[in-house]
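In what comes next, subunit A is part of two complexes: it sits with subunit B in the first one and with subunit C in the second one.
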Partner chain A sequence: MNTATATRYAVKYQAIASALPGQTLPWLQTLRAEALMAFSESGFPSPREEEWRYTNVSAIEKKLFSPSISLPAGSIDAQWLKSYQLQDAWVLVLVNGHFSAELSVLDDLPEAVSVMSMAEALAKQPDQVQKHLGLATAQSEHGFVAFNTAWFTDGLFVHVPAKQVLDRPIQLLHIVTDADIMSTTRNIIIVDEMAEAKVIEIFIGVYSATSSEIVADNAYLTAAVTEVYVGQNADLTLYKMQSESEKAYHFGGSYIKQARDARFTHHNFAFGGLLARSDIHADLDHASECELNGLYLGSKRQHIDNHTRINHLKPYAVSREVYKGVLDDRARGVFQGRVIVAIDAQQTDSQMNNRNLLLSDDAEADTKPQLEIYADDVKCGHGVTVGQLDEKSIFYLQSRGIDEETARNMLTFAFANEMVDKIKIKGLHDMVLEQVLTRFPQEGVNKEWL
Partner chain B sequence: MSASEQEIKNLIGKEYKQGFVTELETDTFLPGLDEAVILRLSKVKNEPEFMLEYRLKAFRHWQTMKSPEWAFVKFDPIDYQAISYYSAPKRKENGPKSLNEIDPQVLEAYKKLGIPLDEQERLAGVAVDAVFDSVSVATTFKGKLKEAGVIFCPISEALRDHPELIKQYLGSVVPHTDNFFAALNAAVFTDGSFVYIPKGVRCPMELSTYFRINAANTGQFERTLIIADEGGHVSYLEGCTAPMRDENQLHAAVVELIAMKDATIKYSTVQNWYPGDKEGKGGIYNFVTKRADCRGENSKVSWTQVETGSAITWKYPSCILTGDNSTGEFYSVALTNNYQQADTGTKMIHVGKNTSSTIVSKGISAGKAQNTYRGLVKVLKSAENARNYTQCDSLLIGDKCGAHTFPYVEVKQPSAQVEHEATTSKISEDQLFFCQQRGLSAEDAVSMIVNGFCKEVFRELPMEFAVEAQALLGLSLEGSVG
Partner chain C sequence: MLSIKDLTVNVNDKQILKGINLEIKPGEIHAIMGPNGSGKSTLSHVLSGKAGYTVTGGSATYQGKDLLEMSPEIRAREGVFLAFQYPVEIPGVSNIYLLKAALNSIRKHNDQPEVDAMDFLTLVKEKVCLLEMDEKFLYRAVNEGFSGGEKKRNEILQMAILEPKLCIMDETDSGLDIDALKIVAEGVNSLRSAERSFVMVTHYQRLLDYIKPDFVHVLAQGRIVKSGGPELALELEEKGYGWVEDNQAAA
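After this line comes the complex of A and B, so read on.
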């Protein structure tokens, strides 16, 4: 069945094969052909694979989404877009997986810094792309990555040279305008030695270009892959907010390679989509630091899966991970977190925490934290909880004259807000908070509390 | 610092004491497995017709199955045709009536193991069923137990004397289709213990089975079935050893526990199969399916295991908490040294309301060993107010070993409270230094720390067994537990 799916998708993609960027680069053609071969053999992952145990993507196979050939003709309401665009940031907009120069804001970039579309990078800096494309994903090959490599239409390319500290964040906005289409994008982010940058990736799919109306329930597929290279003693913070439409399918993988002493922080907000899966896989070098934060809110029939892997390859690295989930209605939240400590990675310090709040009788949480340790001088721990709000806290609030429902909402909100408060960029903080409040399972959280 | 490291090295390098072979005349089947072997096996054991049918059904199903590969263990494929499926000390017609009729060699073997079958001995408070290769050779204190109404006998005897109980309960917790090794066991199991605690009876003494593999090229496939009827209470202990051999031997057992309303079963294991030598040659493959069904309200099952032996241990004593307010517990110490591999843990399936489970797992990994905790806590929608607490700690001794923790938590009920915690660490230089600075030798310090690390589990063991468990741990970590 998988192979059949692969063939069906391959046929669909033949139409745009000649329009994919990088036609003149033989190495890329080879890479794409190899990826296509791998995808034809494996298809999309099945729940029989341990890493996909709780997530069944057969709906994606059945749906057979079509690639979007070029930028959609209709214009996008600038006013609507503004609510997602950060002020004081370099913004790159991808519509249906294609770069829109018109909507992007890439002025005043420091001279040596590259922020451009992947298509442009393939034309202007093919060597840099060749050096990095497929390197960070090498240890995480599965159907979606191969699929993405074979058919990515565009993406973001960032290169921050050594010792350059960016004073503004870079924002990447993914917009999908229509139902049944597929957005397949590939990003490469390179932060050289001692440089510093912040990159924000936002996925939204509520706007229809053709009918100029807001459509919240388009069914489409996003398959995005980001490769991140953090140089020696460099610092990168990556924010991801996934607020796809209610019926969308989302796969977003971030694969990170950290050099010696490199610092990497990831904030993952998973709010939208009918079926959404995130991969965050980081390879750590000597004394690098890695922090992964995540918040997932699920309601209705949503299925949200977060899959993290931290690979301590060398000694003295530190990793911290906190993922929180709030699940309502019939939503299902999945957390799979794996920490691997290699045989030489002595003095590793790793902590992982996953906490889930179940709000309804039909919600489900599946969590699988894993420690795989081959070195002896380490400090590793993980904790998992699944449960309800603390009755004592509710009682305390009630004893202060707050009714029970409000008390519950306050506590649920506080539970989620802890992750939102970690955002250091004001504009983004407010945007994510807004999303949390609108998606909040119950009414009654007063903004004035904040 | 290096001095204390040396001490630790000395501590973990000790020989296996139970590795002797007893020379005996035996009845042994030729290696190989087909329906004819099962027919013969059933005939030798003089089993009722339904049992043979059950075995054949299981065998046919087993042939359609493949050996599972998901565990974190490595071993060469097992040739199931090279194993002999039955081996027993030669005996007179109808089996021994009393201890006097048992082959003195066998008695001697048990004496050497420190398990006297003589009822007057030191462990007088414990009734022992001794299983030697494929058969049970003796069961002590039968009379006293009968007075209380407790049935404690080899399962092959129960098949003849209490077929109705076997028919009702055998395979009801672990069906023959459950997994590869359970299917194999259902087809070829030879002996094991059967315990039935009638309504309202508290078993007057600890029950114990001592499993001994002696013959070469055989596998041991034992089957244990324990039923505690309404209000029944039993504490059961299990111990096992095998001779030192260069070949790997397979031990594929199935244990089924059934606890009815208000019943309690406490099942303790001290597993000390031959672990293989320092180069990882030989040793027992311990692939075991253990599962308990807490069927009645307020029932309770508690698993305690101390795993020190076996080349590979692959088992997950589990509880299905069906009855409302039922409780499942799992306490485990798994110690691996040299090239030993252990993939062990538990499954707690919460079905009934107000069910609770506790998991405390302590893994100690030394030498080049790999020690994995793998556990599942599943709360079904019907399990309102279910409660689970899990704690998994790993201790690493040496820089070539591995310790892994793979818990699975699946919750479908919002009123459930599930907690899981895991830590991995080594005996730190600071701890050692602190102890030594207070006048303890490095050996005593390690002993104290390891002992403290395992304490939560050891205190769950029955008195008689705690002594043995500590002695066993001492075997692998010489005298470090005291």
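After this line comes the complex of A and C, so read on.
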């Protein structure tokens, strides 16, 4: 990317700078200034960088998305919102990157637990934020992280103290209401020693207050960064579903630091956007366990990229990764999975798997598993498949009376559903299932029977 | 029920079945035995409509209709059931879902309404019990992570629920220990009726100790070289397949 475009964005920064949260905090001002500098120099990542070789974000350069300065006026249809809001959850809603207290549900939180907007956390717990902001990822990672650090307007802050087990999930709901804007949010999730929590992050497309529906053909930019800290022997499950509108650009990065014996599970459902990229990078300590699951569905001209990195830094850690993609029309799916085993990470046990189902001749899957092993006593494996439906399975279903087309639809659905079935929260499971069913042929898949 | 006449079948231009003749009446159990490579599995695959087999001559008439003209799903809906030698694993589709989809597609073909949810559950649970399976199996993905014996039992469960007229069992006994074999046999025996016929393709005589056939046919090099009653299986067990092959060579 040329730096002229970065400069154009940087100029826009001046307009919003005073409205950004935490501007009274010198350390944050410095951090943002550094990030802006880094972004001005590097711009957005280019395909010349190895980690971005299959994904060209130059289309974002051509558009100049505008920051949203405050919470938009106008109400959001409660009925519509309900279809995305989980019952029995603490819900934090961000509209165009700004916290909406009115739409959020944060009652009955256990006393010692913090679930609040990033702006509120910067006002009430600046030390906690300072300690964690930019620790799990740095601006040097790539342009999007720098961009996010410079611009973030709000986000979610979660702190679960030691031994606290949350009985409800925390849901973060991102809604964008206007075209041509950018929603830039930063989240911090801290789960202390022996604590347990589930956090759900959902991105949904442009919502029009006037027509009460998702306006599918508007472009906007999401750039979200989540930093996650899982304490010793703590347990965190993070769910992400991005169902951005058809012309949206999405970058979402989750950067995780796991302490000794910490368990982290990530479920990544990438469905929407014209161009969408996810980063999931985890650093593992002694005997940490890390499970990454992913499902990406692409059709039309969608480009969906998932980039994972699992860093085995210490001995005895276990990682399991399964990513599945279903690609139709001219869609392109990218999977880059890196597993790095450091020299003293002996007894590492790691398995990575990426499977792609191509439904059309023009669909494309680029998959690149990378194992970098510096220790000598480890068990690491990976597998990759790109292909069509299994003819044996089709015949098996036909031999039970199911016609070929229905069999194909059932198997396509089943391929995806295997990942949906891993969701243990009923409301979320149903929501994700609904998304899968609306995106792929349903004939032959009877929802009532599932 | 099923009448096979001079059936010849090629796989990749190589003749595997070289003129099969077989007459199966309602209620009969026919065992087809033979050494490896004799064409046993080809016969069961061709009857169920699997792709990759070219019928070069002869006919197979099922209930007065040309079986070979039908697509695999139409055969199934008309009452033909193949119990697979190697049942396929289908992650993401639960057993109960498959059973319901299969049963309803068959009912639709026969102009019957969709099965009532409660009746269906009662039926399924009864059959699960019969096959000494855990109810949890119903909600697991089809055959995924099942042991060999569990997969074969699952085939018989499907058979019990779909109630086919012609059951083709492709080496259902291979890979089963004696306990699993007994359960499978019991399941099959409970399905025996005057209207239902079975074709049991097997390599081993042991299965026939538990499911008594009316006829035994020996298949060798693509032809039925000998037919008889259950006693033929015992004779085979004693003398080995070499015996029929030698006889054939001598003739």
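General observations
Criterion: the second predicted complex is superposed on the first by the 436 of 450 C-alpha atoms of A that agree within 3 Å, B and C clash if a C-alpha of one lies under 4 Å from a C-alpha of the other, contacts with A are read in each partner's own complex, and residues count from 1 in each chain.
Just so it is clear, contacts are C-beta pairs under 8 Å (C-beta built on N, C-alpha and C of every residue); 3 or more make two chains touch, one makes a residue touch a chain.
These numbers come from a predicted model, not from an experiment.
By the touch criterion stated above, A:Asp108 is placed in contact with neither subunit B nor subunit C. In the superposition on chain A, A:Ser399 contacts subunit C only, with no contact to subunit B. In the superposition on chain A, contact of A:Ala365 is made with subunit B only, not with subunit C. Contacts of A:Gln346 after superposition on the shared chain: subunit B is touched, whereas subunit C is not.
By the touch criterion stated above, A:Asp167 is placed in contact with neither subunit B nor subunit C. In the superposed model, A:Glu391 makes contact with subunit C only, not with subunit B.
When subunit B and subunit C are set side by side, the one touching more residues of subunit A is B. When the two structures are aligned on the shared chain, A:Ala416 is found in touch with subunit C, with no touch to subunit B.
Counting contacts by the rule stated earlier, no residue of subunit A appears in both its interface with subunit B and its interface with subunit C. By the touch criterion stated above, subunit B contacts subunit A in their complex at residues 70, 379, 381, 394, 396-426. Contact residues on subunit A toward subunit B in their complex (touch as defined above): 50, 343, 346, 356, 358-388.
Contacts from subunit C toward subunit A in the complex involve residues 48-51, 71-73, 75-77, 81-82, 84, 87-88, 90-94, 96-98, 100-102, 105-106, 109, 141, 158, 162.
Every residue of subunit A that touches subunit C in the complex is listed here, in rising order: 390-393, 395-404, 406, 410-411, 413-418, 421, 444, 446, 449-450.
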